[in-house]
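First chain A sits with chain B, and in the next complex the same chain sits with chain C.
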Partner chain A sequence: MLLVWLAEAVVFALIVAGILAERPLALAAAGVAIVVAGALLRFVAPLRSALVCAFALHPTAALLGGAALALVLPLALRSSPYWTFVATLALLYVTIGQGLNLQIGTAGVINLAGAAFAGLGGYSVGLLTVGAGWPSWLAVAAAPWVAVAVGALLFVPILKTRGHYLALVTIAFVFIFNILMNNLEFTGGPQGIKNIPTLRLGGYAFTARPTLGVVELPAHANFYYAALATAFLATGILRRLHDSWLGLALNTLRDDEIAARCCGVSIAREKLIAFSIGNFFIGLGGALYAVMVGFVSPPDFDFGYSLIMLSVIIIGGVDSIGGVVLGACLLVPLPERFRFLHEYRLLLYGLVIVVMLLFRPRGLWPAGIRRYR
Partner chain B sequence: MSLLEVKGLTVRFGGLVALDGVDVALGEGETLGVIGPNGSGKTTLFNTLTGLYAAAAGEVLFLGQRLSGLETHAIARRGIARTFQSSRLCLELSVFDNILIGMHAHRRTGLLDSLLRRDRLRSEMSQAIERAAHLLSLFNPALPRRGLERVGQLPQIDRRRVEICRALASQPRLVLLDEPSAGMSPEETAQLMKDLQIVREEMPGLSVMVIEHDMFVIEGVSQRVVALSYGRKIAEGSFAAVSARDEVREAYLGGEAARA
Partner chain C sequence: MPPLELLLQQTLNGVMLGVMYALIAVGFTLFFGVLDVIHFSHGDIFMLGAFVGLSTLLGLAVVGLRTPLLALPPAFAVAVLVTGLVGVGAERVCVKPLARSSPLMTLLATLSLGLVLRESVLIFYPRGADPKPFPQLLPAGGFEVGGVAVRYENLTILAIGFAAMIGVDLVIRRTRMGAAIRAVAQDPEAAQMMGVNLDRTVDATFFLGSGLAAVAGMLSGFYYGEIHFIMGITGGVIGFSAAAIGGLGNVYGAIVGGLLFGVLQTTAAALIPRGSEFRDVVAFAVVMLFLIFKPSGILGEKSVERV
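The block that comes next holds the complex of A and B.
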């Protein structure tokens, strides 16, 4: 158990060092330390097997340790509001990724319209708060249902097509969404919707800087904790759904629709459930994003973001709940660290995906055998 | 009353008549062999019975009720299970998962149970896994221990057994076996025949329709045989009677050879 916590603490320290190192020397030292740790893990077999054993024996301890470290991360990052923001973004991608993984990974419904469904959540928050004057929390609670409803309208072409054709249908939907947002009057056109009021819970505004005792955190830490709670909830829900009749039926129809039908599985029903639950969490991620940054505009939800969401799943491990968490926590902060590549972000993603598909097609954390626990 | 009654079943693909007015009846607990050369409509018959193809004419009565117009999953839930000529297992999923999907229609826990009342789901699943292990052990006592391996890691004969277990897991009244010996060695085929005998002994009320090219299998397991050729039923009766018929020999061997 101590070994589990020690390993988690080392990973945590390396990540924080890697993020916060500013000067070239410190950055190089952090980089070397990460590479050395990775190499140790890769080439020292006893260490690796000891760690694997420890984590397999104490899953609860590992989860608690991880949760504790996630809770103290804003403390470690308190000097940098920017990195607190990036960490929050990564957590939003965990929520979105879990929803999308149910569709793409578990059910094989290749939905490349993730950005559009996140955009539906974000724009709904904008319209409901700025346009209709709803309080932010109510708008955030309502917005995912808009994504679910629009997804249900789109369900007929989605049910009729599969594979590449399905992917094309969903790609078309992202572009339709973007063109509409750019040209409709009431969504603000290319400017989008500005001045979305921040979240307020019981009089506490999320723009206030929270203090823990004597330590003052950046204002984004509020959203960090909100996103952490959401990501935790989403991951728990999706894990339970994956290890249930739903996950089993979806996996079966993903691999062989005819076999699933001959076993009494209604393809339409199961796919609709998966698609709706997925869109709910994607929309929720988009809604939280909107209240966090305070504005939405068409480029925030263009096709490129669909690809980022897809790569989170592919890098993490298709159909793997843990893989989504890992994928989001790697893929969102890494390009920020390498900012000189920022313009070429899509290029980097493309490259990483090609390399992954070549050398580790099941992802960093491959989906395991279902055990219904 | 017979369990299954097929009357004048006709299926067309464009100009091709794949089934032409076929009548078949099957009683409870009976095993019916379906034979005929390639392209004679055997698999088409199975696909139509399970609702994958739509019939152009004729009707199918199962337990006295018409099946035409029902979707495949609805027919499966009424008690018709099947296997496929080329195995249709999910190779990436575990052996248990591949069998559990057969019990999907009988599940008692819903989405809310899996989220909030996890203990109910767990107990249902452990019962289901026990049942799957029992079914596997009928054929091979070593198989239940491999239940958490991916099906892709099993040899061909065990995969076929998993597929049969999946069909049996749905507690069907009728099982359609589409060429279970396809792609198997003679030893494996002999083993498979024993497996089918076990099914018959364990589930005496279960009706079975089996398509086979291997005449030893047909002779060994079926009580009655139907022969198809070019979508028509050309003979029906005991294996000895059907295999002695000139029409059947002609269909298999061609006119010249049969007369020679």
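The block that comes next holds the complex of A and C.
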């Protein structure tokens, strides 16, 4: 158990060091430390097996340790509001990724419209607060349902088409969404919706800087904790769903629709349930994003973001709940860390994805085989 | 009811756009035929073709070749050759190695490769972020028939586009390589047993498809007068839509689909208010509706599932 916590503390320290190192020397030291740690894990078999064993023996301890470290992360990052923001973004991508993973990974419903559904959540928050004067928390609670409701437009194509044709339908949907947002008057056109009021719960505004005893955290830490709670809930709920009859039925129909039908799985019902639940969480992620940054505009939700969402779940591991968390926590902050590469950043991002797919096609954390007890 | 001339005019413009879309769509459909994959970076290959063509034309202008008749053939040849080779490279690196794994993998891999191509042009082409003016080498002027304005420039685009399509048709139907491509599309294993070299055939298919995309890229440069590094995103999605409307795997379907999409866009632009902004909304919505009623396209094979 101690070994588990020790390992997690080491990983945490490495991550914080890697994030906060500013000067070239410190950065190089952090980089070398991470590479050494990775190499140790990769090439020293006894260490690796000991760690694997420890984590397998104490899953609760591992989870608790991880949760505790996630809670203290804003303390470690308190000098940098920017990195608190990036960490929050990664957590929002965990929520979105879990929703998308239920659709793509578990049910095999290829949805490349993730950006559009996140955008529906974000724009709903914008319209409901700025346009209709709702309080932010109510708008955030309502916005995911808008994503679910509009997602119902795609019900028929989802049942009728499959594979590449379905991919095309969802791509077309993102483009339609983006063009509409860019050109309709009530969504603000290319400027989008500005001045979305911040979240306010019981008189506590999320723009206030929280203080814990003597330490003062950046204002983004509020959203960090909100996003952490959401991501935690989303991961928990979707893990339960994945392990439930629904998840099993979805896996069956993903692998073979005819066989699933023969076993009494209602294809239409299960697919639509999975699609709607997924859209709910994607919309929720988008809604929280909108209240966090305070404005929404069409380029925040264009097709490129669908690509990032897709890469989060594929690089993490398709149909793997842990993989989504890992994928989001790697793929969202990493490009930010490499901001000093300026224009080469996206180029490298694309290259890394291609190389990962070629050499690690099942993802960093492949989905395990279901165990039946 | 809008006047008949307007409809005719928009149809003509639509066919013009449709020819370019069709050339991209043929690539999508050919790749799908031989490897059963969607090569999503094809749109960026199309963009690359336009940039290679532009560079060649600029290079030729420096040497002194400015007359269209002397400059165009080598420019097209270089664009087709270079883009075709890049297409083959893309296939070798990230399409064929993943062709056996799930379609999701090729989807993400080719989307990312498209990102790499796009960013490479943005970074490595001089001032890549700006739209590049494309030299206007096609004949200017035009005439009018029954209220419909026909420009020589557009006629040339149509002629080049249709010539490219007829050329592909001849290659596919009349040559040994074409026979190999058709055989692999039908059944890769049986084709191999009959002595078809699978790797070479796949390479040839990607060369052919990417070369066509280069032609489309140059035509689009001539049509719009400028090219931009992000033109591959819409170009690719529209090409894919056209291929899907026509039925993936069917070359004639892709051509019909491309022309349909072009006409759809221009008539939508003419008929609805603020049409030029919303024409793509209409076109994509029609594509979605269309796939509901005909889930495997106009000329697509009916997929019969067997257990």
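Here, the second predicted complex is superposed on the first by the 360 of 373 C-alpha atoms of A that agree within 3 Å, B and C clash if a C-alpha of one lies under 4 Å from a C-alpha of the other, contacts with A are read in each partner's own complex, and residues count from 1 in each chain.
Criterion: a residue touches a chain if its C-beta (ideal position, glycine included) is under 8 Å from a C-beta of that chain, and two chains touch if they have at least 3 such contacts.
The model shown is predicted, which means the values in this text are computed figures rather than measured ones.
In the superposition on chain A, contact of A:S311 is made with chain C only, not with chain B. By the touch criterion defined above, A:L351 reaches chain C but does not reach chain B. When the shared chain is aligned, chain C comes close enough to touch A:I176, but chain B does not.
In the overlay built on the shared chain, the residue A:S79 is in contact with neither chain B nor chain C. Once the two complexes are laid over each other on the shared chain, residue contacts for A:S49 go to neither chain B nor chain C.
Looking at the superposition, the partner that touches the larger set of chain A residues, chain B or chain C, turns out to be C. Contacts of A:L246 after superposition on the shared chain: chain B is touched, whereas chain C is not. Contacts of A:A167 after superposition on the shared chain: chain C is touched, whereas chain B is not.
Shared-chain residue A:Q191: touches no atom of chain B or chain C.
Of the two partner chains, chain C is the only one that A:P157 touches; chain B does not reach it. Shared interface residues of chain A, touching chain B in one complex and chain C in the other, are 258-259.
The touching residues of chain A, when paired with chain C in their complex, are 104, 110, 112, 156-157, 160-165, 167-169, 171-173, 175-176, 179-180, 182-183, 257-259, 303-304, 307, 310-311, 314, 318, 343-344, 346-347, 349-351, 353-354, 357-358, 361.
Residues of chain B touching chain A in their complex: 50, 52, 71-74, 76-77, 81-82, 84, 88-94, 97-98, 100-102, 104-105, 107, 109, 111, 114-115, 118, 121-122, 125-126, 129, 148-150, 166, 170.
Here chain C touches chain A in the complex through residues 32, 38, 93-94, 97-98, 101-105, 107-109, 111-116, 119-120, 122-123, 233-234, 237, 240-241, 244, 248, 274, 277-278, 280-281, 284-285, 287-288, 291-292, 295-296, 305, 307, going by the rule given at the top. Within the complex formed with chain B, the chain A residues making contact are 237, 240-241, 243-246, 248-249, 251-252, 255-256, 258-267, 273, 369-373.
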